[in-house]
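Next, two complexes with chain A in common: one pairs it with chain B, the other with chain C.
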Partner chain A sequence: MIETAGHLPGLPAGEVAWRTLEFSAWGEHVQVRVPELTTAQAGALAGHVRENARSYLRTLPVCQIVTTLDAAIARLLDRDDPWRRRAEAVLPIVTGYDRESVRLGLSGSLRSFRAPQLQRFLAEDFANPAVLDGFQPAMKGGFTRAQGPQLLLHIWAGNVPGLSLWSLICGLLVKAGTVGKVASAEPLLAGWFAQILAEIDPRLGECLAVVWWQGGDAEAERAWLDEADTIVAYGGNDALAAIRARVPVTARFLPHGHRIGFGLIGAEALDTRRAGPLARLVAQDVARWEQQGCYSPQMLFVARGGAVSPREFAERVSQELGALGLRHPRRALSVAEAAGLAAWRSREEMRGFDEDGTVVLGEAGDGWSVVCSEVARPLAPSALNRTLKIVAVDSPDAVPPLVSSARAYLQTAAVAASPRELFRIAALLGEAGVTRICGFGAMAAPEAGWHNDGRFNLLDLVRLTEIEQSAERAADGFADYVD
Partner chain B sequence: MTFHDRVILVTGASRGIGAAIAKAFAAEGGLVFVNYRSSEAAALAVVEACRAAGGQAVAIAADVTDPEAVAAMLARIAEEAGRLDAVVNNAFAPYVFDPDRRARFWETPWASYQAQVDGALKATYNVCQAALPLMRRRGRGAIVNMATDLVARPSLAYHDYTTAKAALIGFSRTLATELGPLGLRVNCVAPGLVWPTDASARTPEAVREMLIAQTPLGRIATPEDVTGPVLFLASEASGFVTGQTLHVDGGLVMA
Partner chain C sequence: MTQSEIIEALLAFIEQDDASEAAFERLALAVFAHQFAHNAPYRRFAIQRGRTTLTVRSWRDIPAVPISAFKTLTLSCTPPDAAERIFMTSGTTQGGVRGKSHHPTMAVWSRSMLVNFRRRFMAGRERMAMGILFPDEVAMPNSSLAHYLALAKRDCGTADSEGFIGAAGLDLPRLSAALERAQDSGEPYALLGASFSFVHLLDALAAQGRRFALPQGSRILDTGGFKGQSREMTPDAFYDALSAALGVPREACINMYGMTELSTQFYDDGNAVCPPVKSGPHWIRSRVVDPVSGRDLPEGATGVLVHHDLAHFNCASAILTEDAGVMVEGGFRLLGRVDGADSKGCSLAVEEFLRAARG
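Up next is the complex of A and B:
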């Protein structure tokens, strides 16, 4: 099987150099051709996208962009559509996630981008989304219009299918000429989406490009960084720091670094009836995308004092992970991942030998690992790939101090607690640095319009042009109907 | 070798069905703890037979109706083996299956019921309570409780014995419901009359012939007939089976 990644409007494919990336999983193999553009080609492509966005995308009312995006998403949600069938066939091989996980996960995340959800995105950031189409009266007086970047560059990372769509769609909603650099680990979906948009509205297809370069290739990267006026980048802090160092000082840089998600369960959620279903939801959050997402849980704080102890809850989560593994087997681990996981396990086992109450549940051959610690431990990364540390705490109040040292990495926390407790704990967690609090089972499915990393998805991209009252008043004086 | 590196506790394993079960686990490579109450010599002979069959075995004394003795037995298993994969609750209170001299209901004092409930139910309760911490750690494992087909088909009215075993089946189903979410399975094996054992020695030829006549497979169970179903329910081969009662009586009971 051979697939071609990217979307290069205006560049004849025959003039582009292609590199082949190899992917194998589930007994199948796929070759993905990715474009390697010269600096001149990158410049030409940037000019093409910028010019088409200026002459076409910016003239479209935002509601029409929503309609087109909705139509493209509908095709990816339609299981009989050739694009959808292709995604279901190829993405499991490229990413290693099992077919059912890809199928369910794709539908789960695509649902966030249908027309009503896109309107929610807009409403979340703009009291009046028409501000994207023209000048609108401002509360303070005068008029305001919001303009997206002329050329917005996305640098995506990781292999979670569909993650690229969040920022890609945000850029199009603010009418930005858009260039996305796909990650080598999942180079396909963003390009497919661009091609679907081009099928629905060929002129819109000229306003965005999907490219690739080898991560860390400074020359290729600089060619693009010099073209863009806004850059959204995902990745580890080292990669982001390297990019930031090359971003022109006049450009806006919006980094999204690695995150550690966690969960918190209050004693009131741990009665004998509700602990079981809760454990199932925890296991689903852990298994979804093998914890590769920024929102995935890596640690779970469980309060003592409920009918079900933290240790028993850990056993229930283990069992649920085992059962889930039969339906959705863990993807094959790389040698490095397997070694990292084994090292994490043996470190925890050593802790257990020190008799500090740490217990490693299950066996090394299991497709999951759960560690239960009776000693309060600060938030720390797990080995990913269905590994979870469950930490017993005397009360939810013990948790904020345990997570605050990871402040720079906090984002999502799932909380199971009574309403009064939820709001009390949310205040403490927010102070500690958490930006998203959700229910268990929803960690990997942020709601439409969420504020990624606590920031404004759309507002952060735009620049406002304001007509002050003085200009308006002065203009009145120059009207041909002036008395 | 289904039970290679696996640790199994068989209660009441110094003779009869229990001894046959212990030997069968050993033949599949298991490390078997051969529990007995007082028949040390018989237990040691079973241990020898287990080793000869290719497995490992340890004789371990404990009166399973005594919670403290059971706790001490499980502490020793934890120390010596560090894990427990399967428990077969086979021990039961002494009982003689003698159809000619059985006590009819109006001749059966509550004390007889109590003795059988203690032997079947309380003993199993004690062992399960003590074994669970060790079994839960691995998040998998199986408990097999020995019942009787008399619960489904009381061919002869052994009131106290059958009632206690019926309670054991209810106990097992309920425990299966509780332990399923923790990865542990609980099932029962319900043999028909097994001959020869010490308990069935007094069952006369005529009664055996009567049972044989009504049994599709046309014979009486041997202790070895019981071992296959027990090993099956203790192994991963039955990984999605819990709360069941498997009748081993040649088809006398079909349910």
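Up next is the complex of A and C:
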């Protein structure tokens, strides 16, 4: 099977050099051709996108962009659509995630981009989304208009399908000429989405490009960084620091580093009736995208004092992970991932020899690993790939100090607690650095309009132009109807 | 068997020319029984893995301890204070935490080192003039490599062999003089040391525009990789540069693969082609396993190396390394360290977290 990644409006495919990336999983193989553009081609493509965005995308009312995006998402949600069938056939081979996980995960994230949800995105950041279309009266007086970047560059990372769509769609909503650099680990979905948009509205298709370069290739990267006025980048802090060092000082840089998620379960959620379903939801959050998402849980803090003890709850989560593994087997691990997992597991085993409170559940060969610790431990990464550490705490109040040292990496926390407790704990977690609090089972599916990393997805992209009252008043003096 | 009986048996075993799998297994089971009986943390580890002296029938069933365990546990059959020598890792990989190996006697370690070194490096010579590119034992009393090189120099080096790394680092003028003398003498010369020290030497020679053509039969032994102590070089670039700067052909550049957590070393037969096949003597055997399940992988599949070193009798003979490898005819190929992967997505992985914690 051969797939071609990218979307290069205005560049004849024959003039582009292509590199082939190889992917194998589930007994199948796919070759993905990715474009390797010269600096001159990158410049030409940037000019093409910028010019088309200026002459077309910026003239569209935002409601029309929403309609077009909705139509494109509808095709990816339609299981009979050829694009959707292609995604379901190819993405499991490219990413290694099992077919059912890809199917469920795709639908789960695409659902956030239907028209009503896109309107929610807009409403979250703009009291009056019409500011994206023209000058609107401002509360303080005068008029305001919001304009997206002329050229917005996205640098995506990782193999979680659909992650790229979050920022891609945000850029289009603010009418940015858009160039996205796909990750080598999942180079396809963003390009497909661009091509669907081009099928629906060919002129819109000229306003965005999807490209590739080898991550860390400073020369290729600099060619694009010099063209963009805003850059959204995903990746580890080392990669982000390297990019930031090359971003022109006049450009806006919006980094999204790696994150660590965790869960917190209050004693009131641990009666014998509720613990079972809760354990199932925890297992789902752990298994979704093999914990590779920024929102994925890597540690779970469980309060003592419920009818079900933390240790018993750990057993239940283990059982649920075992059951899930039968239906959705774990992705095949690379040697490095397997070694990392074995090292994590044996470190925990060793710890168990030193102190009574740590138990490693299950067999080494199981497709999951759960560690239960009776000793309070600060938040730290698990080995991902369905590995979870469950830490018993005396009360939820013990948790904020245990997570605050990872403040720079916090984002999502799932909380199971009574309403009064939820708000009390949320305040403490927010102070510790958490930006998103959700229910179990929803960790991997942020709701439409969420503020990724606590920031404004749309507002951070735009620049306001304000007409002050003085100009308005002065203009009156120059009107032809002036007395 | 008592400890002294084990030591006696091991010394006799090392002196043999070779050993059958059955002979290796007999001694491996005896050593395992000794470790199971006297090394409490290892016993707990084995029991956790469901392996006891009653269930283990083959040397392959003897549970392999991850080398990270040497950092957190004291794996010794004898009281640690009674050790004649404690070797420690450099602590570069885990934020300063150092793995330890206790040796109640150095007799087995030294015999293992020397018999194997003569066979694999000395190429039939009794002694050679040696230059050592590593600090000596006084400077690094807990370094197994410093001891290794001291033994090599003492037992296999000529009287004018010397070390060239002092408190101030590489003593280039003295080394250049020694290399010049060797060049003029026509007698083979051996340069041994840490891989990163060779990079420092290469850079220093390049800066001066100097080259040497060491006499035929000269040899180089490097070990340990670059460990962030020098710039990184690919193996091909490294051996090409060594060969060009010192006039020693790549097939006479031997890489030694050893670990603080072992008492025996592996060698290749030159680095004309990288990665070369590595192998050890008859008292150490290696496997390539799936690190998650611990099960053997078929020949040709890439996995993580497990070494079973009978000479490491006081600690744990079977260790799970952090090195990727593949079994091939005559030994294994070493494919580099497996550090645990960074996340494939956008979640924070252990490695990045540790890097950040180290600052």
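Here, the second predicted complex is superposed on the first by the 482 of 483 C-alpha atoms of A that agree within 3 Å, B and C clash if a C-alpha of one lies under 4 Å from a C-alpha of the other, contacts with A are read in each partner's own complex, and residues count from 1 in each chain.
One rule holds in what follows: a contact is a pair of C-beta atoms (placed from the backbone, for glycine too) under 8 Å apart; a residue touches a chain by one contact, two chains touch by 3 or more.
Fair warning: this is a prediction, and the values are worked out from it, not measured in the lab.
A count of residues in chain A touched by chain B and by chain C gives the higher number to C.
Of the two partner chains, neither chain B nor chain C is touched by A:His48. In the superposition on chain A, contact of A:Gln319 is made with chain B only, not with chain C. When the two complexes are overlaid on their common chain A, residue A:Gly276 makes contact with chain B while staying clear of chain C. In the superposition on chain A, contact is made by A:Leu361 with chain B only, not with chain C. Residue contacts after overlaying the shared chain place A:Gly261 against chain C, while chain B stays out of touching range.
Residue contacts after overlaying the shared chain place A:Leu341 against chain C, while chain B stays out of touching range. Residue overlap on chain A between its contacts with chain B in one complex and with chain C in the other: absent.
Chain A contributes residues 276, 279, 312, 315-316, 318-320, 322, 359, 361-363 to its touches with chain B in the complex. Of all residues in chain C, those touching chain A in their complex are 41, 44-45, 48-49, 66, 68-69, 72-73, 290-295, 302-304, 320, 322, 324, 338-353, 355-356. Taken together, the chain A residues at the contact with chain C in this complex read 95, 157-160, 163, 185, 234-238, 256, 258-261, 289-294, 296, 298, 333-344, 346-347, 349-354, 360, 364-365, 380-384, 406, 408-409. By the touch criterion given at the top, residues 136-140, 181-183 of chain B touch chain A in their complex.
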